[in-house]
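Have a look at these structures, which come just after this line.
You will see two complexes here that share chain A, one where it goes with chain B and one where it goes with chain C.
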Partner chain A sequence: MSKVEAILSQLKEVAANPKKAMDDYKAETGKGAVGIMPIYAPEEMVHATGYLPMGIWGAQGKQISKARTYLPAFACSIMQQVMELQCEGAYDELAAVLFSVPCDTLKCLSQKWKGANADKVIVFTHPQNRGLEAANKFLVTEYELVKAQLEAYLGVKITNAALENSIAIYNENRAVMREFVKVAADYPQVISAVDRHAVFKARQFMLKEKHTALVKELIAEVKAMPVQPWDGKKVVVTGIMLEPNQVLEIFDEFKLAIVDDDLAQESRQIRVDVLDGEEGPLYRMAKAWQQMYGCSVATDTKKGRGKMLINKVAQTEADAVIVAMMKFCDPEEWDYPVYYREFEEKGIKNLMIEVDQEVTSFEQVKTRLQSFVEML
Partner chain B sequence: MSLTQGMAAKKLLGYYQNKADQDARDAKARGELVCWSASVAPSEFCVTMGIAMIYPETHAAGIGARKGAIDMLDVATRKGYNIDCCSYGRVNMGYMECLKEAAITGRKPEVLVNSPAADVPLPDLVITCNNICNTLLKWYENLAAELDIPCIVIDVPFNHTMPIPEYAKAYIADQFRNAISQLEVICGRPFDWKKFKEVKDQTQRSVYHWNRIADMAKYKPSPLNGFDLFNYMALIVACRSLDYAEITFKAFADELEANLKAGVYAFKGAEKTRFQWEGIAVWPHLGHTFKTTKNLGAIMTGTAYPDLWNLEYDANDESLHSMAEAYTKIYINTCLSNKVDVLLKIMEKGQIDGTIYHLNRSCKLMSFLNVETAEIIKGVNGKPYVSFDGDQTDPNVFSPAQYETRVQALVEMMEANLAAE
Partner chain C sequence: MYTMGIDVGSASSKVVILKDGKDVVASEVVQVGTGSTGPKKAIEAAFEASGLKQEDIAFTVATGYGRFSLEADKQFSEISCHAKGIFFLVPTARTIIDIGGQDAKAIRLDNKGGIKQFFMNDKCAAGTGRFIEVMARVLETTLDEMATLDELATETAPISSTCTVFAESEVISQLSKGTSRNNIAKGVHMSVASRACGLAYRGGLEHDVVFTGGVAKNAGVVRAVSSVLKTDVIVAPNPQTTGALGAALFAYEAANKK
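Let's look at the complex of A and B:
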């Protein structure tokens, strides 16, 4: 097994077995884990407590049964899965859960946690009038309350020194992941769509410093190889998430290299850093939300997402954009008509496929991607 | 003598609804600004600036009630709007696209010519507020982008903890001041703070009389048919900062008080049970949803939905914190325990025997906590409930038969409980 294969295999193992990653972490450190609900949370604060932040992004192929009692069928696919897992007790070992509420579904879900740790759900609200200094001030207070609750539930004091250290670790991880995106685009023969996703997914279940070290090593190994011409097509993907592996395997089968992404689960998590500055860490973390862009749950009256995607296509010389539409996710569905029009005006080829975490058969996606590739 | 003197409330309602739309058409014709606004966005700033206001949610509800929604929904679908998006939003985006096409080509598309929609002009700016959902942020982003016009945002953060904290009020009040600055730039003239005070006072008078109407449902038997609140809602949405709403609501409240004194009740002698309606009305089937309950002697005497516009605040508060609190305390913008408290109080006041929950395909925020809300409330007051599937403007989602069956079941439970008392 080559070094590249060994690192990818290690990351895939973590991505596929979050429970084991959490148990190993507990055994190793004696500390537990804190759940991080999508899409954005001040994860650095959790990291500063020594607890392992664990991403909560649903599951694949799990049939919804218990969650039906609490959610109608038109709730988004990812939250159906999260609710099902709550009912099954899958998150009961989490010492706390960080819960942001940037969409109507998340507002409701934040009020109805079914796990044993329902009294440890820490809810906070992102301000949406993000251009204003008043929004930063508001978010600092929300973060102060998050911090106080984390300290109370975990019995750990979060010092500014620990928080600054965590911010630096997260900034480095984000920078390394941004480099990884470029490397994956340059080496699609080495980093498949499945591999690429695993590298992103693993960072939800690992300490970021460990993830950074592995990805840095991976990048160095890959970059030592010569860049080969790519005889397939290149695409930019956008949406909440693009799973499961069976769908990504179709991308690989049809030689559709993912040269950049705007997925909430992937590149949106690494888009903006917490900047250096004279202000305190909570204020700078709040500012990072102000600087976020191109996301359906971060209000943007200039509607820059389409332009951002068009720029990504130009920068990566991509052949098309593939929209991975999370079923019943209305913030994403509201963005679609505007950027779709912009794509059409610019002559950018695009295809929308539906992401439904409950689905286990992918023949329809395969047929659609196949005919799309033939058209490119 | 004024044109409306002595007019009955029902006539005033129709008169002022049409007048509000006519005001906007006239303003447009004079080259003045027209603003499209979210239904519970603060109206005070634009009205102070003399900007004519149109409310797309009310407009869409009207299209739905006049059986014109399908055509507009089809236009939106062709533009890429998924059927999962709120039907108010889709109807409005469909209507906007028709107006835009007419403005560009100089010719009204056929679908618009044949539409029963009230004729309203395109906006020059939009104002939105997420106190009733974050969908209103997405919808107004799209309006602003597609029409290339300014969008004023009043963000009222979800109140996960009650009571409303001071730092949230401070953030909202800062946005009010920012909105005023934006309007000064858009209008090219300074904000008139004296007029602003008058507009706030006017708004409070409208809200006062609106609450007088809703208050009449506490009497048993009730002089108020709760479904009338749905009809009169158009003015608390669209004209609360004008005297149109005050005049109409005062007339209606006075009529109801006179009826109460005279022993004239909404259902005459046929009121048997009293229920709470939770959720938005089913506009395309408003008559059916009402008649089904009426035929069974069940009267609606409480609903939190029209109560969204119970926007009481201190008009003298120059910090604007009181106004900020009024606009953020909307029950669906608060945690589950507060939502439950609000509904329990409504049930107690309205002497209510049970609840109908509208599981609204268009409104996630008013649907995804229904199960928990219903169970907690039943645990507290023991009152039965039923739920039905519907939609505020998409007529295809509602099944009359399912609704009838559910309502019959509720009425049976309510009657059995009353018989046992």
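Let's look at the complex of A and C:
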């Protein structure tokens, strides 16, 4: 096994077995894990406690049953899965759960979960009128409450020094992942769509400093290889997430290289850093939310997502954009007609596929992707 | 040179044999689809109709839901094949509405027959042939009779297009209220048309609009599609076999490249 294969295998193992990653971490450190609900949370704060931040992004192929008590069938697919797993006690071992509530379904789920576990669910609000300085001050107050609750639930004091250290670790991880995105685009023969996703997914279940070290090593190994011409097509993908691996395997089968993404689970997490400055860490973390762009749950009155995607296509010389539409995700659906029109005006080829975590058959996605490749 | 296109759908199997990429020498439909004896029977029927044998066929392309389930020289998606077949038959086609047994598609074409954009229904039977099949059973009629009932309707019974199971209970409720079967049949067709036309609106509508797929044989749905889109629609000749025709055309191009 080559060094590249060995690193990828290690990251895939973590991505596929979050429970094991959590158990290993507990055994190693004596500390537990804190759940991080989609889409954005001040994860650095959890890292500063010494607990392992664990991303909660649903599961694939699980039949929804218990969640039907609370959610209608026409609710966002990922939230249905999370609620089903929560009802089954899959997250009971988490010491706390951090909840941002930028959409209606997240609001409802947060309250349902809080009803069952008032002593571990920490809910906070991102201000949506983000242009104002008052928004930063509001979010600092929210983060102060999050910090106080984390300290109370975990019994750990979060010092400014620890927080600054965590911010630096997260900034480095984000920078390394941005470099990884470029490397994956240059070497699709080496980093498949499945591999690329695993590298992103593993960062949800590992301490970021460990993840950074592995990805740096991976980048160095890959970059030592010669860049080969790609005889397939290149695409930019957008949406909440693009899973499961069966769908990504279809991308690989039809030689659709993902040269950049705008997925909430992937590049949106690494888009904005917490900047240096004279202000305290909570203020700078709040400011990062103000700087966030191109996301359906971060209000943008100018609707810049289309332009951002068009720029990504130009920068990466991609052939097309593939929209991974999370089933019944209102914020994503509302953005779609806006950027679809911009794509049409600019002549950018595009395809929408649906992401539904409950399904186990992917024939329809295969037909769409095959047709799209034939069309390109 | 003879080339063959096989469209293995969810509800039926279609085979077209072409001579020199332009003359249809066989066009056969068997009303069972993937996973059945349908594809084999359709191929046998096409050979019998044309008097040809397997060794006479230079190239075979398979398409449709079951395209990977049988041996062929190449597989193309049904979207590409329907576009190819329709443009061959109707060169002025710019929007295709294809309603098959278990899916519905809207395809936009450029003036060279290239696909500009396409939209497909999600994993749901509403807006497909299966929806009409289920409703026909509740109405104690056949698929063929649905168009006749529709023609006799005096008004349209409202049937939602969200969910087949829910719509089925709506039909039962309409029957128990004494609504005429004719009006319900028309409502069913409007429901299918509104769902499928939603796909066409998503990609933008451009003339000429061509309606194809097995459901295009139902005159009631043709009227409904025309009414929802507020425009005339051209019904493809032999609408059930346009996918197989496109596959045979792709096969001809591939055979010439060999």
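Basically, the second predicted complex is superposed on the first by the 371 of 376 C-alpha atoms of A that agree within 3 Å, B and C clash if a C-alpha of one lies under 4 Å from a C-alpha of the other, contacts with A are read in each partner's own complex, and residues count from 1 in each chain.
In this text, a residue touches a chain if its C-beta (ideal position, glycine included) is under 8 Å from a C-beta of that chain, and two chains touch if they have at least 3 such contacts.
Predicted, not measured: the structure shown is a model, and the values here were computed from it.
Asks: Which of the two partners, first being chain B and second being chain C, lies in contact with A:V338: first, second, both, or neither?
Replies: The first partner, chain B, only.
Asks: Should A:D356 be classified as contacting the first partner (chain B), the second (chain C), both, or neither?
Replies: Once the two structures are laid over each other on A, A:D356 reaches chain C alone.
Asks: First (chain B), second (chain C), both or neither: which does A:R368 touch?
Replies: second
Asks: Quick one: classify A:A168 as touching chain B (first), chain C (second), both or neither.
Replies: neither
Asks: In the overlay, work out which of chain B or chain C sits against more residues of chain A.
Replies: Partner touching more chain A residues in the overlay: B.
Asks: In the superposed arrangement, does A:N129 touch chain B (first), chain C (second), both or neither?
Replies: After superposition on chain A, A:N129 lies in contact with chain B alone.
Asks: Enumerate the contact residues on chain A facing chain B in the complex.
Replies: Per the stated touch rule, the residues are 69-72, 74-75, 101-105, 107-112, 123-129, 132, 134-135, 137-138, 141-142, 296-297, 299-303, 325, 328-331, 333-338, 340-341.
Asks: Name, in rising order, each residue of chain B that touches chain A in their complex.
Replies: Listed in rising order, the residues are 79-82, 84-86, 89, 93, 130, 133-135, 137-142, 144-146, 150-151, 153-155, 157-158, 160-161, 165, 167-168, 170-171, 174-175, 178, 335-336, 359, 361, 364-365, 367-369, 371-372.
Asks: Once bound in the complex, which stretches of chain A touch chain C?
Replies: 327, 344, 350, 352, 354, 356, 359, 363-364, 367-368, 370-371, 374-375
Asks: Could you list, by residue number, the parts of chain C that touch chain A in their complex?
Replies: Answer in residue numbers: 65, 75-80, 103, 114-115, 117-120, 122-123, 204.
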